[in-house]
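As written, the chains take the letters A, B, C, D, E and F, and residue 1 is the first residue of each chain.
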Amino acid sequence: MTSLRERWRAGESTVGAWCTIPSTWTAELAARSGHDWVVVDTQHGLIGYDVMLTMLQAITTTGVPSLVRVPWNEPGTIMKALDAGAGGVIVPMINSVAEAEAVVGACRYPPVGFRSMGPTRARVVDSDWRQPLCIVMVETVQAVEIVDDILSVAGIDAVFVGPNDLAVSAGLESSYEGRDPGHRRMIERIAESAREHHVTAGIMCGTPEVAKQWHDVGYQMLALDADTRLLMTATEQIAERAKKLLSPGAT
Amino acid sequence: MTSLRERWRAGESTVGAWCTIPSTWTAELAARSGHDWVVVDTQHGLIGYDVMLTMLQAITTTGVPSLVRVPWNEPGTIMKALDAGAGGVIVPMINSVAEAEAVVGACRYPPVGFRSMGPTRARVVDSDWRQPLCIVMVETVQAVEIVDDILSVAGIDAVFVGPNDLAVSAGLESSYEGRDPGHRRMIERIAESAREHHVTAGIMCGTPEVAKQWHDVGYQMLALDADTRLLMTATEQIAERAKKLLSPGAT
Amino acid sequence: MTSLRERWRAGESTVGAWCTIPSTWTAELAARSGHDWVVVDTQHGLIGYDVMLTMLQAITTTGVPSLVRVPWNEPGTIMKALDAGAGGVIVPMINSVAEAEAVVGACRYPPVGFRSMGPTRARVVDSDWRQPLCIVMVETVQAVEIVDDILSVAGIDAVFVGPNDLAVSAGLESSYEGRDPGHRRMIERIAESAREHHVTAGIMCGTPEVAKQWHDVGYQMLALDADTRLLMTATEQIAERAKKLLSPGAT
Amino acid sequence: MTSLRERWRAGESTVGAWCTIPSTWTAELAARSGHDWVVVDTQHGLIGYDVMLTMLQAITTTGVPSLVRVPWNEPGTIMKALDAGAGGVIVPMINSVAEAEAVVGACRYPPVGFRSMGPTRARVVDSDWRQPLCIVMVETVQAVEIVDDILSVAGIDAVFVGPNDLAVSAGLESSYEGRDPGHRRMIERIAESAREHHVTAGIMCGTPEVAKQWHDVGYQMLALDADTRLLMTATEQIAERAKKLLSPGAT
Amino acid sequence: MTSLRERWRAGESTVGAWCTIPSTWTAELAARSGHDWVVVDTQHGLIGYDVMLTMLQAITTTGVPSLVRVPWNEPGTIMKALDAGAGGVIVPMINSVAEAEAVVGACRYPPVGFRSMGPTRARVVDSDWRQPLCIVMVETVQAVEIVDDILSVAGIDAVFVGPNDLAVSAGLESSYEGRDPGHRRMIERIAESAREHHVTAGIMCGTPEVAKQWHDVGYQMLALDADTRLLMTATEQIAERAKKLLSPGAT
Amino acid sequence: MTSLRERWRAGESTVGAWCTIPSTWTAELAARSGHDWVVVDTQHGLIGYDVMLTMLQAITTTGVPSLVRVPWNEPGTIMKALDAGAGGVIVPMINSVAEAEAVVGACRYPPVGFRSMGPTRARVVDSDWRQPLCIVMVETVQAVEIVDDILSVAGIDAVFVGPNDLAVSAGLESSYEGRDPGHRRMIERIAESAREHHVTAGIMCGTPEVAKQWHDVGYQMLALDADTRLLMTATEQIAERAKKLLSPGAT
């Protein structure tokens, strides 16, 4: 099986499912939905460690790679996600070279980093357990300004953009598609830097249409809407439509 | 607040959300989605008692009534669901008067039934805890043949149709809308019997359009698609659309 | 350590804690509270199997014996509680000799009963695992009428009275202390039958004062208030007292 | 992939892992250990529904088939295990033709049985979800006497022997290898009946050596030691050996 | 509904329940007990993230505001509690202006702070999700000395005193009511500073009487005894009283 | 009962069980296996807080002391483990005096340290709750070079060696027994420093034979193989042996 890293290196664009519901069943559904990778979001998702572990197992029911977004740049948290068998981590709010180096340090064994040895589940389920994907989030103005420095840190596999946080940090209107020109320019700037540093560019897109848009400027790691929003929308729509059909005046 | 029983008695049609995902969060979303009631399905849903309890609590975050579909007609299971605060139970595969009487017996305190006293959570959260909704499923040919006898059993609030099981039991092609005339006739027959016996008629509909159809023949308790299917469909569609947009040939 | 069975045989009166909160921590507190035994109530308590198991472990942190009240007289449920290490079971709503025999059958290995062999945890934690306490509940008029027959069934260790269900089944006013003379007479009748058949008599008492009262007519297994009620009362009282003290008019 | 049913039909002998520890991780280890199938034992194992579900998911991380031993012959319990994606069920203590027919009825959709339609997880993970393995346990003298009748019930895939219960029911000394000749004769008798009725014969063996022995008289479904015992033994042995080596007198 | 912030601004005194038992049921009881707010204590309470989430849902079954005490001043932990729908956080051991600023930073979106955008549950259940209560604990001598500086940090809603830690840090005898004059003076000093800086003053009180005492010197956020202690005391007392009544010598 | 600290001071060597499986049942088995102490490993074990708590309770079913290895040197995490009743903590990757001081600070109440007061479970189950064992890991070249300084920090009870991380950090071949002379010298160096500073020396050994070897150079805290590995090995071996016996060519 071709690894996600290899597919990205070969220039392939990939789409990802985003799990925020704390459930092994919804994680398994995500892994069987046709996406190329699945994120267990333990930052904004409603998921702690004990549930995350079982969700990673549920994703392993298919061959689809799993990634964990950790809540914050903490070595213990990153290492626990990797030992549990995540194929990689996404670390939010990286705003300096030192922070990026800390991420790589937590993901890699010596001499490259300082990850502690004990890949309890990872070694059993993933032949590539020594080289998980190390993905940093660039999502503030401050980080965009030094994005070249950040992406120069050796060992980073991908940079992932949080468009909402990026817009908020700049005082701009947020939208997945970057309706605000300043917002859009920053997102394009990150992709350029990624290309230059041979790092994969990723971004939260929401819809397929936005994914296509960012793909066209070089993003290969395209996250679609989170499960909470997909389910909430579908459930609300079905109720609303039914209510309308059942209302006295309806034909 | 007008109770569900009163709304049905007043002739109102209602739509219900159907929870099969074992998660408090998806249950809370269902309760906030605009449906009139929420079912925690512990028969075909992936939900056991310990998770069901917390899902009932999640539904109580709104004023929307909760119902539990139990796995089978067992007094201990029915009483546990009611003690946990369910607003009522839906009991599958009722095929005889004796079975229907057993359902009522498990739902009602003496002298009507034989429910044991100990409404630990129910008493705290539901002022109407002595009179939960008692709903029997009619979903076999055998049951349809004696539906008048079944619905004559005192204490039944509603009859709920499982169209798939009904079709399968008759060797007919299954469809929510009853494309097969024999299937459809049985479903209409149940509504007629319900009307005669002053019992609310309910049915699993899937789509709003089917809900409208069954509403028009007298069904007032209209269940829409289960959360598993809503989420699976939404997730698969978004991945498929994205893949199509990203494929080399796409414009 | 003297077993509970031996203490009862020696004429000792014992008091029990009653767990209805689904939590290992409250179970451990109950086991450390000075009661002689602890019940994990999976009938009216908000507790399913997966939580019950860990509560039994929490009770084993002390030497206090654990009992499980099962939801209903089902062999699979009784055996699972015993395999999980419960020191005995309390089985509700026993209304016939056949039902009592079924309870004993599920609690005892052949040739006495039909319990299946596989005491996974019981064998590890309880040297007396082959002889768990087998306790039937007599809590209907119908059962009181044949209480001598029920308690003649070989293998029953104790009979336990649910005063609420008993009163309700007789159409009498319920009270733990049996304010209604008819209620009281039935409770005394059960104790007499228990004495005659060398079976321990037990009852849900609520308060220590009521425990003393029933002790005086021969009850040795005296259950005090459930944890839900103790905590609810304590929490409500403290809030109410504080509100009163803080109200503008208070001194 | 060749299904387990096909391998048995082709005369192949298979060995199974037996999960009694309530944990997704030990279930995943079992699925990766080289056994041909994995049982989640919800009878004597310390496993309720909510944990069983996640253990079935953990087993699906490999292609190894999963089986659930249910606590008792109850239709609701059997159907829930199958809807959760178990590849089959093992139902204990089948002592009559009627009981065997009830097992088949719960495992098969009409017109063969009365299984209710709603294979929530099964349909998603198992293309063969309409035909799960239906396995009855013969483990009493009474059942052995009518084993030909039991195995004549259409729809049974395998008969599984519980040697301990069988010995106990006959008042004989128990041993996996059937040291008692009467015990052994009953086990051989079951295999003969299975062969005649084209039903696979299975048995709990404990050790590989006993598996080999029963294989030689026709058993193809050979269960090895449960995880609880394997872990307990390994942990105790390592402590004991260390204590010996560290004791003052040791060289 | 008037928010807690508004009630405090209007000068109202409020009492709070304190949850340390890891259980959705005890959390729901706390929310229904008549207290004005409920704390889920994930510092000294036996509660991790996955349980905290469901407890927050249980509290939402009423309109009573929830607060989470986090284990330590960590941005990821604070943000996870807020995204899960807590109405605010209480952050322990704030000993410097920089630490206080870090708390505010984690609670507020840019440009005020650096909270990351993704209020998965908060947005669904709380219309005021952008402005959760930000509460710092002053509980060391060192912090009291610079309490004016700490409470000058913009964005702090309340200061909460841990009287035990405060006494211990000063080498003084601890008591909720401040029997030691030095202890008491520090507690009064904090209230004065709070008043000056228009920050609400809060404190752990234990009993209603102590709450009244601190209310009288300006405290408006008055926490009463934790559930563990309330339940432990009630359970021990009932057992002790029963034992006394049942002892041979008792009348 | 003699405490672990006292046994170490008396020169006794002890062996420990190592829990990485997230399960109360395997924790209870470890506590009953004959080891002198049990570690709940929340660093490389698959265990988060909510499961850790119940595992600590399961260990308390015996008198065997429990230790928690925390994921990283974080005060909140250390204090939560201690409040939950752990008899001590093992803190990984201590590479400086400041880090060692932070560990002691988190483990001790003022004036020695800065642990916050609130030993919710610890106080109930452990009379020695004010003095938990404080154990630092020395497992890098950098730490070995300053091991004398690290172990001079007052309040450290033991130093624990992670031989794998130590070897990896030095670019040496790893083995529990220190086949590489450089690896072995570092391990011996740590024991010498421990002896000098009156600190107990501990090490992960895997097998009893390696435990004996390190015992002979002064190690008293000897951890044997983790449960995951013990179970995995036992399960794989039994399957492999059975397959060999059952293969056509086998006698």
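Criterion: contacts are C-beta pairs under 8 Å (C-beta built on N, C-alpha and C of every residue); 3 or more make two chains touch, one makes a residue touch a chain.
As the structure is a prediction and not an experimental result, all values here were calculated from the model.
Student: Show me the overlap between the contact partners of subunit C and those of subunit D.
Tutor: Looking at subunit D and subunit C together, the chains touching each of them are B, F.
Student: Taking each chain's centre as the mean of its Cα atoms, which chain lies farthest from subunit C?
Tutor: Relative to subunit C, the chain whose C-alpha centre sits farthest away is A.
Student: So if I superpose subunit E on subunit F by CA, what angle comes out, to the nearest 5°?
Tutor: About 120 degrees of rotation relates the two copies.
Student: Going by the average position of its CA atoms, which chain sits the greatest distance from subunit F?
Tutor: Of all the other chains, the one whose centre lies farthest from subunit F is B.
Student: More contacting C-beta pairs: B-D or A-B?
Tutor: The comparison resolves to A-B.
Student: So, what's the distance in Å between the C-alpha centres of subunit C and subunit A?
Tutor: Each chain's C-alpha centroid was found; their separation is 52 Å.
Student: Cα centroid separation between subunit B and subunit C, in whole Å?
Tutor: One centre to the other, that is 34 Å.
Student: Report the inter-centroid distance (CA atoms only) between subunit B and subunit E in whole Å.
Tutor: 41
Student: For subunit D, which residues are shared contacts with two or more other chains?
Tutor: Where subunit D meets two or more other chains at a single residue, that happens at 22, 24-25, 29, 46, 48-50, 53, 74, 77, 121, 124, 228, 232.
Student: How would one label the connectivity among the chains shown: line, ring, star, complete, or other?
Tutor: Drawn as a graph, the chains match no named shape, so other.
Student: Output every touching chain pair, sorted by label.
Tutor: Between chains, contact exists in these pairs: A-B, A-D, A-E, A-F, B-C, B-D, B-E, C-D, C-E, C-F, D-F, E-F.
Student: Quick one: which bits of subunit D touch subunit A in the complex? Just the residue numbers, please.
Tutor: 24-25, 28-29, 32, 53-54, 57-58, 60-61, 121, 124-125
Student: Can you name the residues of subunit A that touch subunit E in the complex?
Tutor: 20, 22, 43-51, 70-72, 74, 77, 92-93, 139-140, 162, 164-165, 168-169, 171, 174, 226, 228, 232
Student: Write out the stretch or stretches of subunit B touching subunit C in their complex.
Tutor: Against subunit C, subunit B makes touches at 48-50, 52-53, 74-77, 79-80, 83-84, 109-111, 114, 116-121, 124.
Student: If you look only at subunit D, which of its residues touch subunit F in the complex?
Tutor: My answer: residues 13, 15, 17, 21-26, 29-30, 33-35, 46, 207-209, 211-212, 215, 222, 224-225, 227-228, 230-236, 238-246, 250.
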